[in-house]
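Next come two complexes, and both contain subunit A; in the first it sits with subunit B, in the second with subunit C.
== the complex of A and B ==
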């Protein structure tokens, strides 16, 4: 019985893989194409025949990612999206299993896998920082010991077309966080806006397949592309004015930073709203809940936040992080020290600046990071 | 890809009320699919997520021993949403279990002839029961040196596994010291006193081949640790099992961390030497 369920899930996965392999075959070598603005719609329409497309679209008061309708176009001109792209791979709320409590059914009280659509999808127009964030969180969802099938299947089904960021916000510090406005790691295609259109540069075979499927075939040589991209890249990097030092985080003892004198000051104004964790592309915590309607139900997972007291509350009433300062410290320690120690490959932050922009009381990870990087210099300068 | 969130379906085979306040019940589960029992191969000290369909999952230490075949056992305290619902379920009901999870006590090391001192209080005796049954199995007993058990509860009626305790007490290959905080039962033939006090009197002398495994409520741990310190137990020789609120049990959901360790995946078992270097967020 259980095996049949696993089989259902497998077919879904294999199908998605097979689709992609078909696409791979048509490609011989990595290529770069130029798109005239006039040919944009045509290619997009072709892609919609192969992929479900997700892009930033201007909503009421912010840009957000959404699945494009048939005649809908991405809004690529705006500032970065308010929410990160993480929800495209790891939805804010997601069904894990279904069940029935109806005892006349043979499988009552037994969890059944849900059928999720893992057919090829493409994200067009996310920023390189959000793509890099997927690689940081992949370490959490795809481990040697346990594999999170929901995250992995969604990530595998997705082709990522990143839009080089030519107008970074004042709160961005991606170049200090191991990423950058033209960073290609985590992308399948790098897309650069030029005067009269776009340059699309494939980074992976998945990206090659997407370009092939689009019909955009005005190829240019990699050298020519580089010549056009390089000055734009340098200009963008120069616009990033925030520099954050992270070099000492690794060497410092975790307990020294943990016991440093500045945490009360850092946490003072925080209202524990959790906004910083929801907008963040590298925050991954979730809760699991059963939702039952009459006899039918779904086991769901929902984004959760270490900023909430309930996150750690024991059934006995004891709470290991019952104080606000403990929760604020946890968020920063996780991103800037525990993660650094655990994976030895930089901080769990891509410098997108969303938490800085969204925090109602102006708590700024750049300042906290500087304090943590030099805890011995810290007096109580958190808000200065 | 194996879905690590999918519980194995089980049937409740037996329910035993353990304590006089009826707040602790032992549930014996049988796997609906025989193959699942083999996949659920576990070690003492590990736990599982008990999945009560429609209510949620709770992490509970495995109380049966790997040497006991055909079923798995858990002893559950009635606390909140899921545990209360479980307490009202009946023999024959279907639910799920997911695991085994966590690291376990360090058996590979202990089985090299080490002396083991088990110190337990209240209902935190479940994985300790598993460990005792495991060590007393005739094929395993020769792998260990002396075995001591110090176990206490508020009153005789609050002790878990009373029949087994009495049997172990009568054996010569294990030294069992049962204690209660107090009792007016004139027939009570064991100790009276708190666990730390009994530990002071009965724990064997420290040496590098002697390991203490402690599980109990925070106050018991708080007062037992100085006693062990005084007796000279090194912090590498003191082993503890932590609890934190959990959801996934596999190191992914982020709920249970203490510093960079996840209680669910890197623990729940840590030495005191390890805990000394971690934040006290448990």
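== the complex of A and C ==
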């Protein structure tokens, strides 16, 4: 571990922020570098001295994000990861406080914040859709009114190196969901695989700092980079065969969609598991739990799912969304209508297609979105 | 098996016309290769959307729980055994059902196929004995028998055990099958090895509960993992909590599980939790000569009590 990282680890949250400012000092022009495969390992080793690196790695049958060990390399050859990158910033289970119930101790029944490692991290090889999803999730965790320190600190500590997606899946529909296979929104660096290596294009000062720290310095002009990237981008976009229709969602009356006749059919197959919400990069709901073992306890938050009946169960025993169809409707209404109305910036979906691929009973958000987009055309025939 | 759909539609139409059922539960063509979607037809028009092929692996008995209508239901061997279990456990009444029995030749293991080809599967052509799989840069054909779901490969009850009508002649049941090779292999491990095996088996679990929710047996109004007073199990991704969920759920299925494979099929991270339920199935076979869901006339061994039980431990 380098001194810089060691220092960050040792100190608390405020010191971490100061160190980050050093690492991300602002620079004027955005750099583009070319790297051949030989220099890749070198730069990666250099980055490991400054950042904790998270990348897709093949585990058993699937690609998942993982903190790289000293001798481990990113595995960038696969299709998209099974779970999204959401958990890197917003873990499925996160300890917030610890406490003791031991009354012989002075600090009993007092919540102590958990020290979390917010030293600089870099995510290398996530897809542009997942990076864009962070910005959608940010709307929930980082608002003028409410600041979620856990999410914000983790997000600020992270430099995002997105791998342009040259082989999208048949279930990907990013281009009609406000993102795209080469989309730079939410990225600090765009990384494009070329015949003989990669082109790294910094998008933000954070990205600039990462490139500087890597030692990759074979600079090319932005124009030259663009010339190489553009045809690849066009080719990738043309491979996206799947679309969602969203143009009418904003105009339609929420209650017309809510009361549309198709919900029973959409929901019939649903088994109310949490798969769609857990694989989704933009589902942000959580539940806070205290877990006590004897006298010692942890307050933690866990991903929750609007598909679970427990999600809305009141202390009184009443459940406003006690029926499956209500829960299924809620998830789609939130993503495709309430969010659209509230933020006026498209749907709460980046088109990664994970829910389509992972749903055990093949409920397909693309079909549901089309139904919601034209509710007056819909009959009960949701399956058609 | 591919010719079944005409017969399924014909029976469904007759049931609607004769007013024998309010709805028919079956499968609609999925939006992705190797996926079909459970559906409920409310009129004969809806039956046109139904399909039958090797991708109907979800257990439809799960959709019967506590329903009040008169229901026509398409049932493979395993579905029919879970219907039996449902009837015994008062989750549905026999006279509410018109069971359209489907002699089954096994369902396709979509994960095994995806793993065996070098890219994303975009098209699948199923014939009687083969599965042809196409993607961007490949076109491969598999023998059907080589790519069956693991539970289907060792299935001993392909024909429905209870039905009102069969869509075709019964298929030949598999013989000479060793159902428990995998369980015995785990049995033979040392304690430490077993622990490592279970660690590895369950490490990808995200606690989405797809296995539980796809299971026709898991119909408790509140599952033990959802109880809060008392809270039996932690809610996070602590590995002991995850193991507790999977092990306890398996025990709740002892003597009831038909190894329909819906749990494994549904799991978004590909966990084979069937090894847990199969161990209990094997024990029930060894101890009580019991197989779940074969008859309406006997209660499962673990929900009966006899004062004259030959075993001493119960007295």
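Definition applied: the second predicted complex is superposed on the first by the 367 of 384 C-alpha atoms of A that agree within 3 Å, B and C clash if a C-alpha of one lies under 4 Å from a C-alpha of the other, contacts with A are read in each partner's own complex, and residues count from 1 in each chain.
Basically, a residue touches a chain if its C-beta (ideal position, glycine included) is under 8 Å from a C-beta of that chain, and two chains touch if they have at least 3 such contacts.
Quick caveat: nothing in here was measured; it's all calculated off a predicted structure.
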Quiz item: In the superposed model on subunit A, is it clash or fit for subunit B and subunit C?
Solution: fit
Self-check item: Partner chain(s) touched by A:321 [first = subunit B, second = subunit C, both, neither]
Solution: first
Self-check item: Comparison of subunit B and subunit C by subunit A residues contacted
Solution: B
Quiz item: Can A:222 be said to touch subunit B (first), subunit C (second), both, or neither?
Solution: neither
Quiz item: Touching A:361, do we find subunit B (first), subunit C (second), both, or neither?
Solution: second
Quiz item: Is A:278 contacted by the first partner subunit B, the second partner subunit C, both or neither?
Solution: second
Practice problem: Mind working out whether A:93 is in touch with subunit B, subunit C, both or neither, as first, second, both or neither? | Solution: second
Quiz item: Which holds for A:110: it touches subunit B only (first), subunit C only (second), both, or neither?
Solution: first
Quiz prompt | Arrangement angle, subunit B at one end, subunit C at the other, subunit A at the vertex (C-alpha, nearest 10°) | solution = 90
Exercise. Considering only the touch criterion stated at the top, classify A:289 as touching first (subunit B), second (subunit C), both, or neither.
Key: both
Quiz item: How far apart, in whole Å, are the nearest Cα atoms of subunit B and subunit C in the superposition?
Solution: 5
Quiz item: For subunit A, what residues appear in both contact lists, the one with subunit B and the one with subunit C?
Solution: 287, 289
Quiz item: How about subunit A: which of its residues touch subunit B in the complex?
Solution: 1-2, 5-6, 9-10, 13, 96-97, 99, 101, 108-111, 113, 140-141, 143, 145-149, 152-153, 254-255, 258, 284-290, 292, 297, 299, 301, 304, 306, 311-316, 318, 320-321, 326, 330, 333-334, 337-339, 341-342
Exercise. Using the touch rule from the top, collect the residues of subunit C that touch subunit A in their complex.
Key: 28, 30-32, 35-40, 42, 46, 49, 58, 62-63, 111, 115, 120, 122, 136, 204, 206-210, 212-214, 226, 234-238, 265-270
Practice problem: Provide the residue numbers of subunit A that touch subunit C in the complex, in ascending order. | Solution: 59-62, 64, 79, 82-83, 92-93, 167, 169-171, 265, 268-269, 271-275, 278-279, 287, 289, 291, 300, 302, 305, 308-310, 356-358, 360-364, 366-367, 380-381, 383-384
Quiz prompt | Residues of subunit B touching subunit A in the complex | solution = 1-9, 32-33, 36, 51, 53-57, 79-80, 83, 93-96, 218, 243-245, 247-248, 250-255, 257-260, 265, 277, 279-282
